[in-house]
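Order as written gives the chain letters A, B and C; numbering starts at 1 within each chain.
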Amino acid sequence: MHSEAKWPLKLAATAGLLFLHIPLGLIILYAFTTEEKSYQFPPPGLTTQWFAKAWFDRPDIWPPLYLSLEVALISTLLAMILGTCAAAALSRARFYGRNSLSLLFVLPIALPGIITGMALRSAFDIMSIAFSTWTIILGHTTFCMVVVYNNVLARFRRTSGEMVEASMDLGATGTQTFIYVVLPQIASALLAGGMLAFALSFDEVIVTTFTAGQQTTLPIWIYGELRHPTIRPITNVVAIFVIAVTFVPILFAYYFTRESES
Amino acid sequence: MKSTKTSMIAILAATSFAAPAMADMVKALGAGEGQLDIVAWPGYIENGSSDKAYDWVTDFEKSSGCKVNVKTAASSDEMVTLMNQGGFDLVTASGDASLRLVAGKKVQAINTDLIPNWKDVDPRLQSAAWNTVDGVHYGTPYQWGPNVLAYNTTVFKDAPTSWSVVFEEQNLPDGKSNKGRVQAYYGAIAIADAAVYLMTKKPELGIKNPYELNKDQYAAAIALVTGQRALVGRYWGDAAVQVDDFKNEGVVASSSWPYQVNLLQADKKPIASTIPAEGATGWSDTTMMHVSAAHPNCAYMWMNHSLEAKVQGDVAAWFGSVPAVPAACKGNELLTDTGCDTNGFANFDKIYFWRTPIGKCEAEGSCVPYSQWSKDYIAVQGK
Amino acid sequence: MTAPSALASLLFRKPGLLTFALLAPPIFWLVVVYLGSLFALMLQSFYALDDFSGLILHEFTLATYAHLFDEANIQIILRTLIMAAVVTVASAIIAFPIAYYAARFARGKMKALFYLAVMMPLWSSYLVKIYAWKLILAKEGIVSWVANLLHGQWLIDALLSIPSIGGSSLSFSYIGTFLVFVYIWLPYMILPIQTSLERVPYSLIEASTDLGATPAQTFRNIIFPLAFPGVVAGSIFTFSLTLGDYIVPQIVGNSRLMIGQAVYTFQGTSGDIPLAAAFTVVAMFIMGTYLTVAKRLGAFDAL
């Protein structure tokens, strides 16, 4: 590097990052508080009992967790297929309406989640569709697809189409070309997109509230617990768990995209 | 009051909904379906997870084989919405929800012959205007009680005697203004609290029933709650949030339920409650059954179970309410023999029970309907 | 050659067909599920609610829109717009130094650390984060505790006594709502700015310096204009997310509804799906306008 950052920039950046992290520290701190119902600062005492309690005494945590995992897995898989198709098509082809289409593909993320949620809710109401796991997946896939699409599209733009042409010219079938040429090119971006989609789905609550009916995903369970706490530190324990679960995919996503770029 | 109720029934029966034929009612009970889904007020149905001593679900689940799922709702409007969506067997509806549910044909008439404990129900509640239409019962009474004035005892050495502490700007006994230190309920039904206060404060308005307000009376109530907006930092909708607000946000007086007061006292906070001289609104809740309840046998078993003296007494002790079964007042360990009196057993006639304000009303001929209340109260909170 | 691979080869030889085959599934999804639902939403907003029974009358009416333009509802819309705008500007101001540092000065391990430091808060349970803020901002919360320690309570009191944005407690005021919004959406602003800053060629900056521009001039005339699409891209997120959120203002706020809360309350609490739908249509309209402007400013290339 030719230059060093000046101190006001360093200060502003550090302050900004601190602002982002103090509440996270609190979440972790209050997983250890001795208070049960509501929090006060500073916490009156510290204990590690809630981790054991959450694990052994709270069977109500598990069904929401499984539901969230199920929804996130299925939505991510669907999103990876749909998003890759869309990215492959829109990265090369030039055709009439392409611009409007690329706008359509970012819409579910660019419009507030409440619109997606409320729109689906209206559709279910009009068509008398009963809420089920699939109604949640329908909503999640819609925005997860965009995340995958964005990641894979960026990769397609950087790779050249010549390899594909060469492969086909040398007599490889379409399937062979896809498996041996296209897939390796996009694999890491696809995985990164999938990871982000998974993390996004796992923590989503705004759209889910509208599409879940009476089902409880993990974030909805957390919301219920925060509003009517039986033992509130348990919520923090679960939150730490959620952070851990989403952190790993994020880390992987980062290294997948970085390695292939450098 | 009595004649009001009767004519209300007549109006409701004549206008919107003919009572469904008795034939629709469940005739005989079969085996439990293994599950039961209930919409309830927070704290109404406890399975011991909040406090091991308060559990009236586990035994029921064991003996009936019906697993009880509870969805809590923070307001009557939310309960009506949930029941309209469907997927529930029972709801603990207050008077401002019950008749709307009957009108919307979302709840079914119940066959009291299938509920052995029905005979123990307080006769004042058996055929109340909010659960019985045209002689047809739409559910079993559960609990009732007043909307109390909760206050901080370090600020108020003596209990406040008037609702004015939450309605009009003034200095509290600690010398500081009440601005930003009081709360009001977020549901539009809170306008009735203002109407109750105005009955004493401005007798010239001639309010006879806080749920039946003509244009002028209504305007006065709206003016009062609009003035209150400047005093209220945030309206409370959620019992648990209000508990937090009393603890952490410096709230010292608010309309409240005995439930929050109990939680705060259990936490050793200096909070007590009172019913001021003007009287109070209150609720009387009915366990009602959805028209298309998926688990009718379990629902009937629960309705019967909910009227057991032991259950009634335990709920009353936990929530701070009055049991619908007078026998529950004696010999309950958690409630103790003085519990019913403490919670207001003798106040039945002093409480203006929540009801849905409708356009046609006896007191004034033409009243402001609930839809208007709802719209205006959102506007008031936005000011 | 098997049938599927024959098909695949055919598709490759006819690029138009390939594009069509690839596009069909995602387009089908977006058109049927997404646009279809948006259409259902529009349709809902032309129904109305029967006030007493709380049931929706499925008949065409403009009554819901008439109600939408009541003064109280216009207030809700304006309040939300102002909040979204202020949150967006503040996020951009706070995000820029972080993104700038990460893009221009952080290298290797430091860069990875920066990335994770921004991503961590983004992905750690949105709800629990908001509740953590409630504890920070409460009247007897952490801010007050620190203020008392530093004898700075007067500063909070002064802040809270500002008319309209103040209140009885930080967590009962617009200031509180604003802070939490900025906190929650900040990473969405940092990442696109960082991406667009990284695309600024270093040679351009060198050229500018060589030609005698001061660092401030270089920043103003080279770096910022090139990074601007990133700011606009980030602003799409902060603006849109603030516009539609209903949980933040409910937990930290003063009971004055925002659009998201209105939608949530009307559909969930009062069961008035038509009015909730009408509010959502307003949000769609606002975002539509915003996106059109953003597209002109080149934001979509920076996404």
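Just so we're on the same page, contacts are C-beta pairs under 8 Å (C-beta built on N, C-alpha and C of every residue); 3 or more make two chains touch, one makes a residue touch a chain.
Computed from a predicted model, the values in this text were never measured in an experiment.
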| item | value |
| --- | --- |
| Between the pairs A-B and A-C, the one where more C-beta pairs touch | A-C |
| Most remote chain, CA-based centroid, reference being chain C | B |
| CA centroid of chain A to CA centroid of chain B, Å | 41 |
| Whole-Å gap between the CA centroids of chain A and chain C | 16 |
| Where chain B touches two or more other chains, by residue | 85, 244, 247-248 |
| Overlap residues in chain A, where contacts from two or more other chains coincide | 40 |
| Set of chain C residues in contact with two or more other chains | 135, 140-141, 267-268 |
| Complex contact set, residues of chain A against chain B | 37-38, 40, 131, 213-214, 224, 227-230 |
| Of chain C, residues touching chain B in the complex | 51-55, 67, 70-72, 75-76, 79, 134-135, 138-141, 167-169, 171-172, 253-257, 265, 267-271 |
| Interfacial residue positions of chain C with respect to chain A in the complex | 1-2, 4-5, 7-9, 11-12, 15-16, 18-19, 22-27, 29-30, 33-38, 40-41, 43-44, 56, 58, 94-95, 97-98, 100-102, 104-105, 107, 112, 115-121, 123-129, 131-133, 135-136, 140-142, 145, 183, 186-187, 236-237, 240-241, 243-247, 259-260, 263-264, 267-268, 273, 276-277, 280, 283-284, 287, 291, 295, 300, 303 |
| Residue numbers on chain A that touch chain C, as the complex places them | 1, 3-5, 9-10, 12-13, 16-17, 19-24, 26-27, 30, 39-42, 81-83, 85-86, 88-90, 92-93, 95, 101-108, 110-116, 118-123, 125-127, 138, 141-142, 145, 149-150, 164, 168, 173-178, 199, 203, 205-206, 209-210, 219, 222-223, 226, 235-236, 239, 242-243, 246-247, 250-251, 254, 258 |
| Complex interface listing, chain B residues touching chain A | 37, 42, 49-50, 71-72, 85, 87-88, 238-241, 243-244, 247-248, 263, 267 |
